[in-house]
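We just call them A, B, C, D and E in the order they show up, numbering each chain from 1.
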Amino acid sequence: MTALTLTNINKSFGSVEVLKDINLTVDDGEFVVFVGPSGCGKSTLLRVIAGLEDATSGTVSIGGDVVNNVPPAKRGIAMVFQSYALYPHLSVRDNMALGLKQEKQPKSVIDERVGKAVQMLDLNDYIDRRPSDLSGGQRQRVAIGRAIVREPKLFLFDEPLSNLDAALRMNTRIEIAELHRTLSASMIYVTHDQTEAMTLADKIVVLRDGRVEQVGSPMELYNNPANRFVAGFLGSPAMNFLKSAPINLPKNGTLGVRPEHLKLVKKGRIKGHVTHVERLGGDTNLLVSTEQKEALTVRLFGQDSTAIGANIELDFDDQRAFAFDADNNRISH
Amino acid sequence: MNAARQNRLNSFAAHGALILYTLIALFPVFVIVINSFKTRKAIFREPLALPNSDSFSLIGYETVLKQGDFFLYFQNSMIVTVGSLFFILLFGAMAAFALAEYRFKGNTLMGLYLALGIMIPIRIGTVAILEMMVQTGLVNTLWALILVYTAQGLPLAVFILSEFMRQVSDDLKNAGRIDGLSEYRIFFRLVLPLVRPAMATVAVFNMIPIWNDLWFPLIIAPAEEVKTLTLGSQVFIGQFVTDWNAVLSALSLAILPVMALYVVFSRQLIRGITSGAVK
Amino acid sequence: QDVTLTIESWRNDDLAIWQEKIIPAFEAAHPGIKLNFTPSAPAEYNAVLNSKLDAGSAGDIITCRPFDASLALYEAGHLADITGLEGMSNFSPVAKSGWSTDDAAVQFCVPMASVIHGFIYNKDAFAEVGVDVPKTEAEFFAALDKIKEDGNYIPMAMGTNDQWEAATMGYNNIGPNYWKGEEGRLALLAGDQKLTDEAWVAPYRQLAKWGEYLGDGFEAQTYPDSQNIFTLGRAAIYPTGSWEISGFNGLADFEMGAFYPPVQNEGDTCYISDHTDIGIGMNAATENADAAKVFLNWVGSPEFATIFANALPGFFPLSSAPVSLDDPLAQEFISWRGECESSIRSTYQILSRGTPNLENETWNASVAVIKGEETPEAAGQRLQDGLTSWYEPHK
Amino acid sequence: MSDAHTKPKIRWHIVVFLAPAVLVYTAVMIYPLFNTLRLSFFTEVDQERVYVGLQNFHTLFGEPVWSEQFWNALGNNMWFFMIHMLVQNPIGIALAAILSHPKLRFTSFYRSAIFIPTILSFVIVGFAWKLILSPIWGIAPEMLGAVGLKSLYAPWLGKEAYALTALSLVSVWQFVGIPMMLIYAALLSIPDEILEAAEVEGITGSSAFWKIKLPLILPSIGIISILTFVANFNAFDLIYAAQGALAGPDFSTDILGTFMYRTFFGFQLQLGDPHMGSTIASGMFAIILIGVCLYLFGIQSRMRRYQF
Amino acid sequence: MTALTLTNINKSFGSVEVLKDINLTVDDGEFVVFVGPSGCGKSTLLRVIAGLEDATSGTVSIGGDVVNNVPPAKRGIAMVFQSYALYPHLSVRDNMALGLKQEKQPKSVIDERVGKAVQMLDLNDYIDRRPSDLSGGQRQRVAIGRAIVREPKLFLFDEPLSNLDAALRMNTRIEIAELHRTLSASMIYVTHDQTEAMTLADKIVVLRDGRVEQVGSPMELYNNPANRFVAGFLGSPAMNFLKSAPINLPKNGTLGVRPEHLKLVKKGRIKGHVTHVERLGGDTNLLVSTEQKEALTVRLFGQDSTAIGANIELDFDDQRAFAFDADNNRISH
């Protein structure tokens, strides 16, 4: 069964069209991640799904029922806001418990669920503080906890981890994945983080300027991007695009090669010199300027000693390269 | 209207309650206004009836416009009200900001000192005030009234505004500090615009007693050229005979300018004025 | 160089008369002196005037309330001594009593007007119901009963909401017949009579009977309500004073008549309250004392008396010079001066100097009695107790 | 500032911010007021002002003629205040809560309409309500009659038992706009996102009000309560306009303000007595000061404010 | 010369000690990154440096002068707040221009600098909007722009990129690096992002519970962490810690191996089975449970086909492993 169906959703703020003809299905228990540039309408789409914003046209159905006229609370959703939106007058515990109390859950259930969330989010020490006495990351965890305790059918997360530190982010990410598995709830998740998108998603939705560019599993999008935008948006560092490519391209076409698919070789089709080296510990990125003055990134596994200024030659496996036409659409081989 | 979020029933109930209360609020005003257009006999024979061809009369308005320089009074009232409000808001907001923003010795005491004024009716200080005005030669000037009303309005303004100013995000003020804004500019450029709803509220609160005050105009500025509207309308209330037509007309006329001022200020009651400031 | 005299007054009502009649007449006769009449609302007058006098911003000419209010101003040095003013010779001692020191040695205001209490009635209503003007108390109540039975008119227009009407138009209106005018009043002042004496309690007894003839809900009826009820022709009798005449003339579209308070028994001497009400004096601090004196002298002159009396029928000049009145109703009132003995309101001289204030108490007691909340005897006792507590001659 | 010397640097801006208000206020308000309150320690004997210490207070509280009036006025004032707290403020808050609903239409119309009574002068309020409640002109009886409740009618303003309550309600009618405005302004400053978060949790309508909005506007409610307290204990005009200085019937509507005014400025034949008047004013001042201090130190200091 | 020196900084909120005896030097033109778990005091430390918060004790000197009593505006700094702190009533343009107007810069300079920042941050379309009409990421960019235009000697960034999408984040990161180079301004930067920390920093400061744990260049910290905390905090996925290690360890010691240093081998010292596979496109993480029931992460370059449940054997180069004693301090070889 489908957990959520969006049909021809449009949304304008005044004369600004923010969402344009969005169609999307989320299956029961599916984990869908929205990605897209800042301002492309991700939050707005979440708000339309939540019922906090009315679509200008189109229908939203949750669990098979059209919910255009159903108030947010009755949609069986929970939402984590990008701005946290904590209740400033309530302690951490009460922030989480309020929704449950509203549902008239017995105290034991409330205590248990809140206790579990607190545990999971490592908030034990702060349980009686108010939001104003918490750090940014702590606030964000409270906001996540507030959604978790409600155990809804559909979770809406708006960049829930953006303020967490790496360790906590990883933990929480794994917890969310686990939550997803155990609750078998559907989840819609907005993020800017490649790792989150790739690891969590069953399905990634790439949005751009209020339009859906492509929908698919992470590997599908990674390996088969429909167009240059998607190809460039997924993957970090981003895919390299070359105009003056060593292979056959249509007029004004572009060649796309992912940084990890470029190999340092003695003799290669691409020549250039290193302009900058980013050492990340686990891997190293070389920023290269080609003979044609195009910029490239090369991703090397492990720590590399190539120095800035070094002249290098690069090559790649044609099978792993992508070709885009003048309209930036992918040319399939 | 947002279909998903708005329960039709609730919105009916809300409108119902508001309409009911609006009727309660307006009914007496309605009585006053319709009666100001009637002859004296009709006012008292059938106070609830609308003016009809028989009972319609502009006699009250004619009397009002004939007696005294109504437009001058009007202008005086405006100057006094707007002038006082300006100083109340400016000085009051400044003091409120100092109290809300800075921790300094005597902060609480200063707050209490500035609040003392709302605890005693200023009227009992009339003689001393009048003496002061006589000595400074301010008697029978609009400045005298402006000064008195400013002093009278300050305590309340400070009290309310400091409460609202505490709600302005610290990060925001700090951002201003780092941007090199002086404390003065932080006040004028950041805090003042953000407490506009509170300023409007204070303005409205203060405008009413100032506009309607009879006492101080009567005592410190009774001269013809500085008479206020309220004082001017008072002419129609006699010892034994009251010209009800004129009183009702004058009062109906006097509602309009305050109403206009109110509308001006209440525009500042803007939803979510701080939204988007902080995450 | 013109001098402008500013006149402080509570008589908003008279603004037009001053502007249209009195001031032009004076200025025509006295070039070089201009008048500026600046009345304020009666309720605030005392407070405003006192404040202005204390601070030194009051006008040159002060309209004087009778008795203690003005006496206090004189004693505080705010009103000038004008005993020597020539115009003062035009007034009788009784007329001057409202504005002289207790020993009558110093005069500080020129008497300007008095008002006479009585009852105004609706002649049409009387004709319709078929009652005659009552001469005695019995006839009075018979008339009231008849009007009440008839049901077309409220027998008597009076309310107790504003309190003062009950005392002024009730107690002090009908009272002089019982305490025999000045005789009783002076005896009370001297401590020879007490408020518990029959003469002082009896008026309350009559008042106690009034309640049933007043309109429905008279408890919340205000003074303007009463005026309107009567002038709109809904009530037959209106206990009042002559001050209403000028106002009522323009309002009532029926013919009005007046009668003085009915006596107890046919043939008794009638007493009326002919109360000194308005005086006019000079601010001791004025810089235009000479001009002010010229003006005050003119106020004392027969010329002023004539202008004033005819401009404001119902406010009768206190000048000894005879004045002829054009208004029939006013003429009716003033004619009682010849028929009956005159007196002033009992509480005004000296007796309201202490706390509790006898005038205020009388308002309160009159209301309570009319509403039936206090017996006449209890009221008398309460007032007497209050008086005894501070007034030496009664201790 | 007294602490200026102990600080490494005088924070001049604090002085500048405070100075205009403090100067104007001290000169035109505090000085005259205290100059007048001072009079409560004096009395006038033969046109001379003599210092009598606490004698006036002794008179006020010791002599039944005075103390009975004082306690009567204080009691009435309490009732006056209670009615405002129990009727005016809840109604004001309720109206503001309804009005602050984000999607409600015509709110500015309602807001203005409800606020109109507040901008009327006491003269007009007194007149209008006396006319409406008057048994003579029949508006109230007629309207009650129209719904079959005519028997409930009584000449309220003229009855000891009802007059004060009736006037309190008129005052409530007049001033409901003030708590409404303040609360409305406070409600507006609650970020939309917080309310939306609540909405998603099913906390809407009245529970959103009780659980989210009310706690967040508590500081404003505190201000309103204390302002109501201060305003009520200083009240004067409405009673004066409706019932006169003697606050009839039989002093049943006498509150501290009318009592003080009558005594201070005099009335009809009663001469003004600035000394006893100041004494009463000092008493009022003390009562209000105690109330305000209780609030400031007992309640406000414990109340949390939230920055949005 | 030193741009910033912190000496014995302590800071308490009431009885809560948030910063404990912090000593730190930032050289002229240096780029220093603060990392540490949420709530460890990073923002607080920035605020102390900015002068927005008074240190309870200790001295802050900027450019050699003790600035404890110098107001923020006079310290020659610019700050990007974690909460953005935009002026809600001003347009994007005015938000950026306000500080410059305050400095009485000529209009041409203001226009030019604002124009450049707007360009860099891709805000052209929003220049006249108010913050409330912007998306989260757009707001954050405005906040960065506001700092950039002031061209201060010392920048303080509090998680400036956390709401940006990958592409924009990378661009802005590179812009900040360039800014750093061209302005030769010193920068202090708080982030949770490994990549940002490693690529931008000249020096990373690891904070924990208000204390400095270690200071050093990115590679120094990566390759020579002083203790288990630092080792675990840097690197993503985080270092694996094994109690039951195949090498010699002191009692209660721990072995640390980075995920990328674990190799899939036929026959290895560690045996286990795969519990979860994270496919990131460019690389693949295997989550492994060892025979000793310890959890491990293995990072493989490229796309790997290992399935969940597979039994695998792992080994590592002892030279690249870390040993920690019972107190979690590193035991140097």
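Rule of thumb we're sticking to: a residue touches a chain if its C-beta (ideal position, glycine included) is under 8 Å from a C-beta of that chain, and two chains touch if they have at least 3 such contacts.
What you are looking at is a predicted structure, and each value in this text was computed from that prediction instead of being measured.
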Number of steps on the shortest touching-chain route linking subunit B and subunit E: 1
A-D versus C-D: which interface comes out with more C-beta contact pairs? C-D
Based on CA centres, what chain would you say lies at the far end from subunit E? C
Centre-to-centre distance between subunit D and subunit C (centres being mean Cα positions), rounded to whole Å: 37
So the centre of each chain is just the mean of its C-alpha atoms; given that, what is the distance between subunit B and subunit C in Å? 40
What whole-number Å value describes the gap between the mean CA coordinates of subunit C and subunit E? 92
Averaged over CA atoms, how far is the centre of subunit D from the centre of subunit E? Could you give it in whole Å? 56
Subunit A: which residues touch two or more other chains? 52, 71-72, 82-83, 136
Could you say which residues in subunit D touch two or more other chains, in rising order? 137, 191, 193, 199, 204, 306-308
Where in subunit B do residues touch two or more of the other chains? 2, 5, 7, 44, 126-127, 169, 182, 214, 237, 272-275, 278-279
For subunit B, which residues are in contact with subunit E within the complex? 169, 171-172, 174-182, 185, 189-190, 193-194, 272-279
Tell me, which parts of subunit D touch subunit B in their complex? 1-3, 6, 11, 13-14, 16-18, 20-22, 24-25, 27-33, 35-37, 91, 94-95, 98-99, 101-106, 108, 110-125, 127-129, 131-132, 137-139, 142, 173, 176, 178, 181-182, 184-186, 188-189, 191-193, 199, 204-205, 219-220, 223, 227, 230, 234, 236, 257, 260-261, 264, 274, 277-278, 281, 284-285, 288-289, 292-293, 296, 305-308
Taking the touch rule as given, give the residues of subunit B at its contact with subunit C in the complex, in rising order. 40-41, 44-45, 67, 126-127, 130-131, 133-134, 139-140, 214-215, 218-220, 222, 224, 234-242, 244
For subunit B, which residues are in contact with subunit D within the complex? 1-2, 5-7, 10-11, 14-15, 17-19, 21-22, 24-29, 31-32, 44, 47-48, 87, 90-92, 94-95, 97-99, 102, 104-106, 108, 110-129, 132, 147-148, 150-152, 154-156, 158-160, 163-164, 166-170, 182-184, 187, 197-198, 200-201, 204-205, 207-208, 211-212, 214, 230, 237, 247-248, 251, 254-255, 258-259, 262-263, 266, 269-275, 278
The residues of subunit D that touch subunit A in their complex are 191, 193-194, 196-204, 207, 211-212, 215-216, 304, 306-308
